[in-house]
Amino acid sequence: MKTFKIGGIHPPERKLTESSAIEVMPVPAELVISMNQHLGKPAKPLVKMGEQVKKGQLIGEADGFISANVHASTSGKVKGVKPHPHPGGQYAMAVFITPDGKDEWAEGLDTEPADWRSFSQEEIIAKVKDAGIVGMGGAGFPTNVKLSPPPDKSIDTIILNGAECEPFLTADHRLMVESPAKVVAGLEIISSLFKGEAKAWIGIESNKQDAIDALKKHASPKGIEVVSLKTKYPQGAEKQLINAITGRTIGQGELPFDKGCLVQNIGTAVAVYEAVCLNRPLIERVVTVSGMEISSRKNVLARIGTSFKDIAGFCGDISEKTNQVICGGPMMGKALFTLDAPVVKTTSGLLFINNSAVEKSRERTCIRCGKCVDVCPQSLEPWLLANTAQLRKFDEILDLGLMNCTECGSCTFVCPSKRELVHWIKYAKVLVNNRQKRKSA
Amino acid sequence: MESVKLKVSYAPFVRSSDSIESVMYNVALALAPATVMSVYLFGMYALVLNVVAILSCIGFEWLMDKARKKPASCLDGSALVTGLLLALNVPANLPLWMIVVGSFIAIAATKHVFGGLGYNIFNPALVARVFLLISFPAAMTSWPVPAPFSLGLNVDMQTAASPLGILKTDGLEALGSFTLMDGFYGTMNGSLGETSAIALLAGAAWLLYKRYITLTIPLTLIGSVFLFTGIFFLIDPGTYASPLFHMVTGGLIIGAFFMATDMVTSPISMRGQLIFGLGCGLLTAIIRLWGGYPEGVSFAILIMNGFVPLLDRWDQNDQKAKYQKKSEKA
Amino acid sequence: MIISEAFIPAVTSLGAVALALGVIIHYVSKKFHVEEDPTVMLVNEILPGVNCGACGYPSCGQFAEVLVETRDSSMSCPVGGSDLAAKLGKTLGITMAEPKPQIAVVLCQGNNDNARQTAEYLGIQDCWAATQAFAGPKHCRYSCLGLGSCIAFCDFDAMRLENGLIVIDKDLCTGCEACISACPTGVLVMQEKKAERYVIACNSHDKGGPTKKACDAGCIACQKCVKVCEDDAIVIDNFLAQIIQEKCTSCGKCIEVCPAKVNCIRLEHDLEEVKQKNAS
């Protein structure tokens, strides 16, 4: 079975929700739609307090090349535009909408299914851009930008990322099982942008056999190859997935298209299909609600802007023992400081956990066991990076490959001394960037 | 739900169950067969030695933490392992005060002066053993003859030289009735824990299974001793002992699996570990064949411990070369 | 007899070694002699020698070189103050401009009593590390995060953490600005030292409601101080009052009208004479 060559770990999978069908969550009493749901500049809010909006109406306009549109996820009245906690941990401008209960689509949206073959490449990319589609795996890179690589780069490999290697998360898994046709259609649309010259793959970890079977049935007749991958974290990271499927290595400072590759998330492929064929902007996504401390664990189809408090209410009781609520997966997610934060386009999961490690965590000294070096998928020396960061040797740390770290967290996971290796590396990255900014200023 | 108090930390939020404690206690567990074997072979006094060594190591660890105003680390298991290893590396009739002195050297003078666990350059138990060997050569080289099931606290056991000692002073013929099986089971003269190869190998298998050690260092170390002594055995079987004799005698097995693999004092990368194991093996063989001491494992490992920072620096420079070149190109 | 046997070889051999080394040292010092401007050395000796960078040069040595070369009287060492400026002027024979001593000011009173907490932070205890995990352990995102990243940047030991808030020791702070860029939320600013200085110790640009919810000492932009000020020295910028120090006459009226639970206007005495006078 294929997998990436260097490093990797196998954390407990805990896919508790892998067989629960996606449930549609009703529109809550209030929606908070963040203007910062993607990489790059936040969108510019287009609406004011008191305005009526329709479902799918553009309420935030992409500000610049790397930015994305934001749409109202139901019809209703704008209650205000003000900063609000973002699931990423910071504050971001957000549009508050009080739904009117009619859930009316704006004009020209949600049309009868059209054949994507009738659209030109430019039309497809324009539709993806208008629909505000971003990478739904976590980084939130605007998809239209990713789909238009520089003309001198030729793409020969398109990979759909169904690895979902994070523990707990099953959002992509359920999408693959329940709507394989949409996934495949989305992939076909993406492939058509590269004149059909590129070979399309779907990479799925072997712990999702039902998804592999479902997709094989739909994909094989279209010449798309479904690859079963050995379950290993971080297989879902772009660089590792490319390495696992094609054997190519993305080096320092290189992007996937430098090696002829393009990777898209399962959710993104479905969003692309819906945007191109059904004229639906990205206003809802599947969120895995899981963790040991919530009574009923579900895969929920929630509107963008639904607050985590409402989602928790929809899924049942939270036990008293909860001490952390994680947005995203437990390896690369963020711990929330408030449940007021809303679902954004990149929210793949919401986990209610009792992290006993965080209570008694005390960083101990490195005992030089070398486990972090063994598991690092980027062949770095995490212990050395962390030590150098602690000593604030920011000139030296760049030479140790600081910027090559993908922050997958494997090193921190295995460290017997419970050192916050990734956090130190992230700290160094921030301070190095600050210094460079100050120098250039 | 309102009563839930959220705590924020940085990803990842799941951690492996490994900890310093689990590593150390598993090493201690892996040493258990050898410890039991030592009590079986040398009597209850061996148990007393073990207990005194462990308690004094933990005591000195506690004192040093207090003196250095550091959080208490005396129960993290590292002092336990040091004490156990030290006791297993001394003869079964060593006076108790000597083992306490050894514990002090191991914990205070080898570990804490460099900054405590993780910062020591040399293996604490080995430094203590070598310190005792040089300071009290008579007490450290009068090996009691094993007397299985002698449960008394009998310190005045019959003593004799170890097989390696006999080989060094009296030559190959003097070894007489010694068979390889004696070394394998442990019914030979030697330190408490080093005599029984089978008990040590059982412990090592546990550590390998739990993946706390890898085979790189033990295999290269034992392999290079085997090769080196084998070459000389082939040249002159009349003077040199067979490589198999060198495998089972002295502290080779305990050294290769438990001392050289100490995480703190061994290199991190595979390449470093290969060179480290090779160096340990060659030095051991050289000392055993031509050195002034009959046994060379402790010295060999300590000498190679000194090279570890250099070996690590080599990897770091490689890393730097790799990324500097890349960033210049970019 | 014994003495001479023991001593003569020792003394002669050591003496020979000493002689040889002395000759080598002498030769090397002549051969590799570096001509140094005596004025630069004099200036360098006057300077504090802490290389803090407050003057805009990376080290005291470089400051001295540039000063001697250009004889620019507007150059100043903020750390040394007017005494040092006078000494420098004397050495160089010019009149140095009077330096304006500065002091670092914490625009926040959100200590553990005044500011509400959001969640307990258990990651690396450093402000920059904390901002990577979330907006900060305090409800107010403009506040001093209370993890003390700036302390390590202070060469003069003038900063300490007290009840979750950075406190600056006025006697030790030299105004070198090293801490300013070390703060992720920007609550540290430099102000000119004054006998009586009024500061609005708040950094929150939130509207009144959220500010009040987050902190007892927050400026809610109520305009009261603006109205009472007779010198037009207080302005409100983006929901935060600010005192323009040049216009402020230290009348103290504003401090009486502030409605916040913990007065967000603070009176600071920067100069030691004033402090001593008040003490006696």
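For reference, chains read A, B and C in written order, and residue numbers begin at 1 within each chain.
The rule is short, and it goes like this: a residue touches a chain if its C-beta (ideal position, glycine included) is under 8 Å from a C-beta of that chain, and two chains touch if they have at least 3 such contacts.
In this text the structure is predicted, and so the values were computed from the model without any measurement.
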**Request:** By the contact definition above, name the pair with the higher C-beta contact count: A-B or A-C.
**Result:** A-B
**Asked** Using C-alpha centroids, which chain lies at the maximum separation from chain C?
**Response** B
**chain B-chain C separation of Cα centroids, rounded to whole Å** = 53
**Inter-centroid spacing, chain B versus chain A (mean Cα positions, whole Å)** = 48
**Request:** Starting from the mean Cα coordinates of chain A and chain C, work out the distance between those two points in Å.
**Result:** 43
**Fill in**
Contacts with two or more other chains occur in chain C at residues 118-119, 122-124, 129, 132-134
**Prompt:** Touching two or more other chains, which residues of chain A qualify?
**Reply:** 89, 334-338, 358-359, 361, 420, 423, 426
**Complete:** chain B residues touching 2+ other chains are 5-10
**Request:** Within their complex, state which residues of chain A touch chain B.
**Result:** 9, 11-12, 89, 167, 251-253, 309, 312, 317-318, 320, 322-326, 330-339, 351, 353, 355, 357-359, 361-362, 364-371, 373, 380-381, 383-384, 398-401, 404, 407, 409, 412-418, 420, 422-423, 426
**Message:** Considering only the defined contacts, which chain A positions touch chain C in the complex?
**Reply:** 83, 85, 89-91, 334-338, 358-359, 361, 363, 392, 420, 423-424, 426-427, 430-431, 434, 438
**Message:** Help me check something: in the complex, which residues belonging to chain B touch chain C?
**Reply:** 5-10
**chain C residues within the chain A interface of the complex** = 118-119, 122-124, 126, 128-129, 131-135, 141, 152, 181, 206
**Complete:** Given the complex, residues on chain B that touch chain A span 1, 3-16, 18-20, 22-23, 71, 76, 115-119, 263-264, 266, 268-269, 315-316, 319-320, 322-324, 326-327, 330
